[in-house]
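Given below, in the form of structure tokens, are the structures.
Paired with chain B in one complex and with chain C in the other, chain A is shared by the two complexes that follow.
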Partner chain A sequence: MATMPASASDLLKSFKLKTKQQELLIRVSILCLVYILAFITRLFSVLRYESMIHEFDPYFNYRTTLYLTENGFYDFWNWFDYESWYPLGRIVGGTLYPGLMVTAVLIYRILRFLRFAVHIREVCVLTAPFFASNTTLVAYFFGKEIWDSGAGLVAAILIAICPGYISRSVAGSYDNEGVAIFALLFTFYVFVKAVNTGSLAWSLASAFGYFYMVSAWGGYVFIINLIPLYVLVLLITGRYSMRLYVAYNCMYILGMLLAMQIRFVGFQHVQSGEHMAVMGVFFLMQVFYFLDWVKHMLSDTKLFQAFLRITVTCAVAVGGIALGLGMVSGYISPWTGRFYSLLDPTYAKDHIPIIASVSEHQPTAWSSFMFDFHILLFLFPAGLYFCFKRLSDATIFIVMYGLTSMYFAGVMVRLILVATPAVCLISAIAVSATVKNLTVLLRSKNKVVQTGSTKGSGGSKSSSKALLDQSQPFQKNGAIALLFGAFYLLSRYATHCTWVTSEAYSSPSIVLAARGAHGNRVIFDDYREAYFWLRQNTPQDAKVMSWWDYGYQITAMGNRTVIVDNNTWNNTHIATVGRAMSSYEDEAIEIIRSLDVDYVLVVFGGVTGYSSDDINKFLWMVRIGGGVFPVIKEPDYLVNGEYRVDKGAAPKMLNCLMYKLCYYRFGEMLTEYGKPPGYDRARGVEIGNKDVKLEHLEEAFTTSNWIVRIYRVKPPNNRWWLNRYKFG
Partner chain B sequence: MGKFWVIFVASISILLPFLCNSFSPETPTDRRVLVLLDDFAVKSSHSSYFNSLKLRGFDLDFKLADDPKIALQRYGQYLYDALILFCPSVERFGGSVDVAAIINFVDSGHDLIIAADVNASDLIREVATECGVDFDEDPSAMVIDHTGYAVSETEGDHTLIASDDYIKSDVIIGSKKIEAPVLFQGIGHSLNPVNSLVLKVLSASPSAYSANPLSKLSTPPLLTGSAISLVSVVQARNNARILITGSLSMFSNRFFRSGVQKSGSSTKYEKSGNEQFLTELSKWIFHERGHLKAVNVKHHKVGETDEPALYRINDELEYSVEIYEWSGTSWEPYVTDDVQVQFYMMSPYVLKTLSNDKKGLYSASFKVPDVYGVFQFKVEYQKLGYTSLSLSKQIPVRPYRHNEYERFIPTAYPYYGAAFSTMAGFFIFSFVHLYNK
Partner chain C sequence: MGRTSSTKEDAGALFHSLRSAYAATLVNLKIIDLYVGFAIFTALIQVVYMAMVGSFPFNSFLSGVLSCVGTAVLAVCLRIQVNKENKEFKIIDLYVGFAIFTALIQVVYMAMVGSFPFNSFLSGVLSCVGTAVLAVCLRIQVNKENKEFKDLPPERAFADFVLCNLVLHLVIMNFLG
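Let's turn to the complex of A and B:
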């Protein structure tokens, strides 16, 4: 039918129902295509490399998922992992968000039940793309809810390929965010639906959506603060309604009770400062409802005014006193550092170096906004304009979601992810509204010429537009030009998104790729080589010390005990490792022995020019170590405030353990033609200490490109006892 | 075919006692000893000492120190269990032996006796330095003691010292008291202060000093008084034992047999203490005494027998270990009351003295602390003269499972009551509200 528009249009005119059917068909097929597109655009990494888990955190998630499939839910729930955080151990079941693992295992079980013999790794690799596809559906319905189905379709298309979202949901990126964005958007959609309809069922659904979100990601705090903020804004703007009351109260109470079932969250909903806003608004709603009722009962307005004043004063006073008492008694915990650092971007830098040290916690650069959003960055304000023009409960919600998440995206790079759905939706409104207006202009003119009759829905509008047309003669041409412009922009967006996905976001970061001298692709598989070596050549209970970045990978792939890992729950322990790395060897060996370390692993990019290695991360080790142990002072490692590794480097820098381990035997190596031996390609300098001698450690393994170097801790000297203790 | 089988079994049964005789963790006493000499005259002049070793079953292999055929190991296997260096003046060992080879020999758990003398070669000094003692740098220096010398025919020679300042350890020098002083003539050494594995077994008296007896003393001597050690021992971490002395002649037949009278003392002993002292010391060096082993480290929950893979916090557990001492021929139960076990994670959470049943079984029971993590059962037993026992066994301790907490807490009954009464009240209220028109 769609292939024969000329003859079809005649038919369509006589059968109105057919138009709707055709529209439905087009809509459904577009959605299907978008659904598939969202999935396949995330498969670049599988095609380029192989079906494997990426990055750092996903390895932990994969390991726990594996554990869950092998040991069942109750063992997983009570899992005490003694292979990480030696010797403290980690209660894994109580310190993770289990949503992702449970989801993956559920998918795995369903596939198994349907007799698909898949491996759990395949499921894990493809979980994020699968949920990204589902997110496009939610985006469609959400867009439909706040604007119309056209906006919904555009939103689905935009979010399907938006780089800001793809960055965390390519195949292999098996991380909480992969399912959490789906849960987030779903919760918001269902909540807005509940507010719009006042239906208990939708509200209940939003409570369950919230529960899923809580089980999947710590970002649920955003929901639990945005929703009360939204309700507060509605109350202030006088949009209080029974629908809102039902939606909010049901969602809050049930959502809170459900969220408490997650061990990691526990009683935070009633005890933590971050969750107090939602409780305050809950009580405020009751006061509002009560006042409404009193107003209804009292006919005397003056009396009501007096009553209102007393009630509001009392309510605020009681709330304030309760909060104050809770804070003072310690029942309500103060805000955490992460929360503070969101409100004050400089907070982490001054107080919590471990948060500031993570690259994805840095404030966002303008370029990365452009990179991740492309045209959406310009469409976003336009969409806001449209939203403000047609203000409703739903558009207020999306505006607030967009503005707050944009702020957070500016504070932390990784929160671009949270802003992406809002930006896509608002931009979709802009695109949809503009295109619709333009097409209405084009079509109305045709129709005026032909019959003057208009379509049912926008009848009055288009007739008024038709009136306007006569005053602006070039409007039709202008509209055509604008439409072409819009399509050009959108096609650029599609090209950009595909390019970004393929070039920037599809590398697994555990396998590195570089361009060789002849433009060919060179693969550095050093990480896996090293972890494989650890697994095959070290004792089963060997303890490996490395900087925390590699902890998850060592436990998951090397199957060896680590001292610290990416779950940075114990700052002191990490600081101890930082201190060992930044001390002289004979001081470090004391720490190393006290932690029963057998192997020390460092990542070194001087040979390959790999820049995110331990030498470049070293200042953070010094800072984090120095934050707990004041004997480590950052200026000792700097020369005139400058960080360098060449001859002009600080003496402490040249002799600390990290420097020695990275540059051991490097001084005799020729890395680049025409450069002296010991030329560090990552820093572009000749190293300052070429004659590195190790006393207590010995080189055990260095990967083929020197990216990972593993050292064995030597046993103490047989005939010497350099200790205070003495026999007798 | 059957004939060969018989021969094979017969030869094995003949060889078996010899095979079993060799040095092993099961029978730690040394068997094969290589003795390196400057010249074979020493073999006869020190025959009493060598004979006492031979009588105790040692297989002595005498070689000249510069014999080009000497080797400590062949095809990666050590040929000897112990090495005696009675070659103070050797400048270079023959064959493949050098300082590093000797140090490796010790580091792989073998014992060593070094006797230096005046004019000890740099080589011997180097070996001694590696073991943690420093001989007087002046090659012609001797230990001189003008008050603690042994009375002898040659008047005025105070380099022959009679010393009785022994280490107070029955394990090292035997439980029988050494009555007569020990004669010593040779070079003194000092202990390296940073090495605490080296022990002074026989030290010089406070009035001793180390200098060249023939030249006039122009500068104050570097080594004086009790800082001078005459005989030292080292027990390395791997329990290899080393004896170092600056006098080869103290092992000689002449010193063994001669009488001794310490200056200023009226008692004259018929026989010097050398024989008893050095024989007892050689028993310690060759692991006939003071060698402990710990076996059968076990732990389990109270009331169970199987060793669990991990414990839960607040579990009651029992730990046991068997400790035996080598008597030279067999393993005897080691009985003492000072063995302690630690339940250790970065620092000891539990430190408990093990009780023993006099048959070598040491045990203790205690409660796992209320802390989860990866703990270790640690026994660090280091007692003067004994080989050190350092046992550690890793064991994780987990927190409670979700269903191991109490389900109903009595103090919470008001809350349960409140919850259920609210539910009931709400039900009744709804009922009344809905159906009461």
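Let's turn to the complex of A and C:
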């Protein structure tokens, strides 16, 4: 009997690990669990619907990835696409960011090499969750670099489920941001590591990270402006050091050279106004190096101060003059509209309606912040406080990243994504530091009690210890209560994030779901039905005209040439389509014939109540068309400034091509019980013009729920010989 | 008012101190420096002449300029070998100077004939600037006076330098066109 427990405890003791090993085991297991969690929380739409690509932009990425797998890299890099933007075509090789496609094809090749027979579509669908898992690992290392490993773990957990990041990286969202956020965080981590160690190898890694970011997303401009801003802040606060010099110079030269290998970026690093900051700071660093050398040679500090003043003012003046000359002579191009509208949010509304029309480019509401960040929103200022308490090169960086990205997140909804890693890291610092302080309180109380009991000396000491003992329980209880509170908040955060992911961010947009009358789930697959009809029932060289939103999907799934698509690089071409949609049928048919169009596609939500259809987008077509062709005037389509489609609507609205195509044969349709025929469920009114007759187009196909309607352009009438006789 | 005059005095004092530091060098080194200065000056005169009359027998122009430049470079090498102080730093300094100088030559050439294959021009200039920058970083990391790099062995610094140069030149070769 006595030997059994002895051997059992000996057994346990033999398994017992040292504290360091225990800690390592806990850390590794937490990271593994977080890795898996980040992957599986993004799989809602794959489980509910099927493994397919969502939205609009990912279809273009998927089509290019298919092309890359079939034709190889050289053909992909030099690809001229004649199936979009008819008749202009598009130089795809020079106008896309290849990082995402190359990454997906690389993963596909590796899996194929290991004899897993996957289809490229599955790889594309699951690329974003895979890279989200990798981002959590990078966040752990970054948190460890800035603060300590505890903060790193919390950062990994927070970023794994944060809705701001999930929104653009669910399974099926095969878009640039899925890979780009990983590249962004990786570049920042490696650069901060390079500044901390001053090693050339880490600077080289940061140059490669920057290259990957440039190849993946146009948001690399944020990196190339944040890093010089950070270096400038370090220089101003007197933190110039040799490590900073080595890290920044190596990263600048190698990063700039690597970035210029991407054809879409080209020579922008030496010619565009958005990239001049990094060059200016490069020259400023040389000036600082020179000043350091002079300081080293001179032994007199007064002389050096004067020299410093003269040199810095001269250097800044020379730089300013050079920049001014460059901009005035036009060699350095000014900030483009997309990035200028970040500094001046009202710019796009007045000058570039295409940028203003995208819903993701609108300023952010408070509810969006709360929805996407939850408790991180008030942990962020707490984390800033902790960062300011322990200032170092790394914490200065994360503070700057957090503040600049929060400003941009406030200007444009889409940029909440860029702010998410910074918010997660800073909040992690707050959580980790608070929890550490609280647990230290818990532990120290036991030590004091022990020393009190072992010593047990004179009266005064015992009375003071008694006082101490009296306040200690309050502290200990307070600490326990606060710890429970923190645990409760974090669990609410996890619940909120999962709910948001399930409800809001997992819809594929191309397949719609609704609740039927009996509570059953009804699926509308009209988009794919229409595109496959196009693919199977139209001639190979047919050209389809639709609004630019659907261009990518039509070329990817319908495999037909389109007139305009989501790339929106040619405003006049889009305005031509907008003009055609908003004119009377006789004028529109001229434009349609001049563009060689065979089929016209519109999206209509009146039968199902789907509100993102072309009638709701129609005013943007008018605005964009009117921006180039003054014959289209927006007030013609409004009644007292109000947009209506019922009996009181403007006559031009009731007879324009878009109205006719959407409401053709709709006047006889009964959509809802108790309402008259022709009741538009999306607008909630009975339509004004029920008797729609089409002269030059005929209906080719309408999907089962009337969401997508396709019309064929009829050949010109047979009475040409009469016209010829009349006009000689 | 008093401040500007004091900066002038300070600038003057600065010049004096630098000048006196230079005056402490040996006589033979000063002779070599004069020779280098003369050679560079002759090269500049030839460039100005070419700018005035045109560069028709281009090989003649090039040989003239490069002979001056070459002899300047060789004289600097001699100066290094004759000088008793830190040899290895002077070698790195010479390399940096040579690289920057090559970059300047390419810029001047571009100003003369135009920048048509812009990628070739950029890759040429940036390879020179890049290798100069990397050599300066190497110099910083190898210098024993820098306390921040105390525990970085010089072999590791040199290996990093070689790796970065390798990447730099691979990218340049891709970009050259």
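Observations
The rule is simple: the second predicted complex is superposed on the first by the 673 of 728 C-alpha atoms of A that agree within 3 Å, B and C clash if a C-alpha of one lies under 4 Å from a C-alpha of the other, contacts with A are read in each partner's own complex, and residues count from 1 in each chain.
FYI, a contact is a pair of C-beta atoms (placed from the backbone, for glycine too) under 8 Å apart; a residue touches a chain by one contact, two chains touch by 3 or more.
These numbers come from a predicted model, not from an experiment.
Contacts of A:N78 after superposition: chain B is touched, whereas chain C is not reached.
Applying the stated contact rule after C-alpha superposition, one finds that A:A317 touches neither chain B nor chain C. By the document's definition of touching, of the two partners only chain B reaches A:S594; chain C does not. By the document's definition of touching, of the two partners only chain C reaches A:M256; chain B does not.
In the superposition on chain A, A:I91 makes contact with chain B only, while chain C stays out of contact range.
By the touch criterion stated above, A:A306 is placed in contact with chain C alone, chain B being left untouched. In the superposed model, A:I40 lies in contact with neither chain B nor chain C. By the document's definition of touching, of the two partners only chain C reaches A:V270; chain B does not. Chain A makes touch with chain C in their complex at residues 198-201, 203-204, 207, 241-243, 245-246, 249-250, 253-254, 256-258, 260-261, 267, 270, 289, 297-298, 300, 302-303, 306-307, 309-310.
Contact residues on chain C toward chain A in their complex (touch as defined above): 6-7, 10-11, 13-14, 17-18, 21, 118-119, 122-123, 126, 129-130, 133-134, 136-138, 140-141, 146, 148-149, 152, 157, 160-161, 163-164, 167-168, 171-172, 174-175.
Residues 103, 106-107, 130-132, 169, 194-197, 199, 234, 236-238, 240, 242, 310, 345-346, 372-376, 382-384, 394, 396-399, 401-402 of chain B are the ones touching chain A in the complex. For chain A in complex with chain B, the residues that touch the partner chain are 74, 77-78, 80, 82, 86-89, 91, 263, 541, 561, 594, 715-728.
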